[in-house]
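Lettered A, B and C in written order, each chain numbered from 1.
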Amino acid sequence: MAGIYIYSDKANIAAELVTLARQAGKTAVLLAFDQDQADTLTQCGADQVCLLQGDSPLPENYAQAVADLLTQEGADLLAVGATARGRDLAARVAGYLDCGMASDVSSLSYQDGAWQCERMLYGGAVVQGQILMGLCVVTVPAGKFEAASGNCDITALTVGADTRVSLVEQTPIVKTGADLTNAERVVCVGMGLDKKEDLSMIQELANCLSAEIGCTRGVAEERHWLPVEQYIGISGAVIRPKLYLCLGVSGQVQHVVGVRDAKLIVAVDINEKAPIFRSADYGIVGDMYEVVPLLVQALKNA
Amino acid sequence: MSVVIACYKWVIDEADLRINADLSVDSSKAKGKISDYDKNAIEASVQIAAELGGKPIGLTFGDSMSKNSLKDALSRGLEEAVWIQSEEAASADGRVTAQVMAAAIKKLENVSLIICAEGASDTYARQTAPRLGALLNLPVVTSVCNMQLQGQTLKLQRKLDDCLETVEVALPAIISVLPEVNEPTIPGLKAVMAAGKKPVTQWTGKDLGVDLQPRVQAAPLQGYVMNRKNIILQGEPAEQVQQMVAALRKEGVL
Amino acid sequence: MSDTEKFDAIIIGAGPAGSACAYTLAKEGKEVLVIERADSPGAKNVTGGRLYTYALEMVEEGLTQEAALERRVTHEQIMLLDGDRSINIDYHNPAFNEAGQVPHAYSILRARFDEWFASKAEETGAMVACGIKVDELLVKDGKIAGVIAGEDEMYADVVIAADGVNSLMGQKAGLIKDISAASAGVGVKETIELPAEIIQARFNLNNEEGAARMILGCTEGIHGGGFLYTNQDSISLGCVFMPEEVARHGQSVHQIFQNLKMHPSIYPLLEGGETLEYAAHLVSEDGFRGIPGKLYRDGFLMIGDAAGFVINTGSSIRGIDLAILSGIAAARAVIDSQDPVRVGPAYMQELNNIGLIPAMKAVEGYKDLLEIPRIYTSYPGLAADVFTRLFTVDGQVPRSLRKEIKGLLKKNQLSLWQLLKDGLRGYRSI
């Protein structure tokens, strides 16, 4: 069938992309490459789940098969969840189809017979609007659409897979930090923190706010004071909490982009010229070592 | 002798970008640079070429300004560079770039391995390596954080969102690397001096017979701006804190 | 060039001295290598500043036309500040701007100029390696035979140090000691961006003309002065101070400079502009007396700021043109000397022939003039007070100007006798 073909190695993103299809008034077909995945996807509100069965355990190796399917069915669009696997598969399909592709779109809609989207460039400093026509491919990060739900059937197809790359082993990455993406409140600490021991002060504040702790890239990748899963930014965690409170964060573009969808941004920094204040709803220009204890006190008394 | 190709891109240094009051982007004072992660790709190609007893060659697609990239790239251990020059490079989309690179690679012989960075520091679209795989009918492995050559097979570790995956692929192949894969060496004096003498082959998009029209229509760049209240709380720290707590409550985030 | 061969000359530093030297050598077919530690020439250099074009014409006739320059200086200004008051003398000479002539001086921006000049040297055949720091000099049998950069060694018949004020290479060669606080000033400078039309309106210029201004009285009594130059679409504003006095004063160099920026006669010129960069640099202040005793040893020469070639007469500051002259002199010495051992003495001879040493000697006395502390503490105030009296008409019966001036001298802690003594000292020094 024609319509929008959707793939994500994460079922929740697949469900969100079904909504994209609905908003565009199109049929939604979810792609899967193994039975378990297919079964999960039948709950995601699509019109059909298409299970492609072949000889490789790696989804990326089905790119040619997917491309053939899209051509055969006269598809309008391939929408793929923007994960490492997803981007790989999506770009390969775009290569086989020799069509246009927009990666990691920050917004996407169907207007006047064309796909209109926005992307961030230069580490998040710049936005570019793009228009794609005809059959094309997009990758979409999580959280851009509401997840759809509802039942549908599975159609299974036997296809050929690229077996030149063989899987040796997979080791899950054990995440030691908290899950920031689902946190409602996040306290973020930046390079303004003097020593690792001072994290206890930040933890106390986070506890008062029932918040998770995040940090900027330098704190995790250079100083190693917090695990890398906890750094917020364009190449780290991109989060949408209700409250994002940051301390000693200068507010570089690459970091701020990670919280741009937060409901409220509050900043404390000693430098009145720090860019963070341009990105904040409320700001205090001051020494966080003075402000944080006062804040903890005020919150306890509240 | 086998050839290892390092694809790289000459980009505008994002630190030099100026956003005007009307949000238009001013890149007139910006300096160019080799995209950050491409240095890792170049380093990787030099290392693997040495292990294979082969030749590392740099490949880049850019406008006339990208000529400045050649000396820098060649000072990093590459033996030769291939420069596809075209003013349309600046507006090329992922499809055009991959088509051009693929056409150029087809003209080179004995290509064992093509290494790209996972993404370029300006667009970070991450399309090039997978597209090249499709166009050249070569196997592709992306998100590589560790590589080991075993004879004519590459054992690669990939850093994916939830897991570390180890795969194997026989050469010839295409890979895209994450910055974790190595630490690029800083060129020394002799390397910088030698760069000027290394051969550069120059082609145009027309030479390669590629249609340079992008399929993706792009609007002009705009500075990214968030609409936030930008309220700076005044007074002594104690007062500021009181105001902040009141605001948090009012906004319903407590 | 293989590892065992060597260059005719290795030049350390791709500033004006280094590039002038490289250009001249390469033009004669010599094998030259210029090693620059910044990623591009000029990136680490700071100037007021301006360039006197005669020096470029000496490198090659017609070079000025090709150079990356800002505005032709047609308005030379001297400004005295005291408190909120200012006296500005503007000298305008259209002859500085006559068609067909090479304009006398241009304001410049170092990043642009140095990069252009080094690229000219490259075009002529010099090799320029950027982003490389020279760590040591190679010494063989008591003579400098080359340089060591990281793990690489490079040999040359002569190594020419063009690495700027407080030359590290000069110290490694044993020719100079680390600079003393008394012989160098600290200069700070801001480049403020403004559209060309606004600069032209504020300074009364057409679109190629520029203004250059020396400012006295902006340093809170500390030995030093300010400067302002108009570039194409930016203004260079800065201040030079003698650091020992700053230490005693209490306010920081940065604070004093900010006060200059906010002065009622300066601020309107900068309003609406955006600060592009803020830089600081050492400046040789000793003139002829600051030139090191020996500028060479076997296999090694110093040129430019490294050799202390800076002249400050108060109304003009010359560094870049002298740097270029010294680069040419060094190149000529290398070209004309059959025996490498003769290069040093030949260089000293060329410095005389080219007029550099005579020029510095001729203005040697200005240091005495500029060391009169009252120039910084009292005379700007006195001048402002005199003008205030002259220009005030408030209905009162005017008092005798002679008596008034006596009163003003006292107010500014001066006496007629001191004024005459300083005047005589000044007269003798010029």
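Note that a contact is a pair of C-beta atoms (placed from the backbone, for glycine too) under 8 Å apart; a residue touches a chain by one contact, two chains touch by 3 or more.
Bear in mind that the values here come from a model prediction, so they are computed numbers and not experimental data.
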Margin query: What pair of chains is linked by the largest number of C-beta pairs in contact?
Written below: A-B
Note to self: Closest chain to the overall C-alpha centroid, by per-chain C-alpha centroid: which is it?
What the structure shows: B
Notebook entry, point to check: CA centre of chain A versus CA centre of chain C: separation in Å?
Noted result: 54
Checklist line | Between chain A and chain B, centroid-to-centroid distance (C-alpha), Å | finding: 21
Notebook entry, point to check: Cα centroid separation between chain B and chain C, in whole Å?
Noted result: 41
Item checked: chain A residues within the chain B interface of the complex -> 58, 60, 63-64, 67, 83-85, 87-96, 98-104, 119-134, 136, 162, 164-173, 185, 209, 242-243, 253, 256-257, 260, 263-266, 277-286, 290-291, 294-295, 298-299, 302
Margin query: Could you list, by residue number, the parts of chain C that touch chain B in their complex?
Written below: 33, 35, 40, 127, 129-132, 149-152, 154
Next item on the list: Can you check the complex and tell me which residues of chain B touch chain C?
Entry: 31, 186-190, 192-193, 196
Notebook entry, point to check: Can you name the residues of chain B that touch chain A in the complex?
Noted result: 12, 14, 17, 19, 25, 93-95, 98-99, 121-135, 139-143, 155, 158-170, 173, 214-224, 226, 228-233, 237-238, 240-242, 244-245, 247-249, 251-254
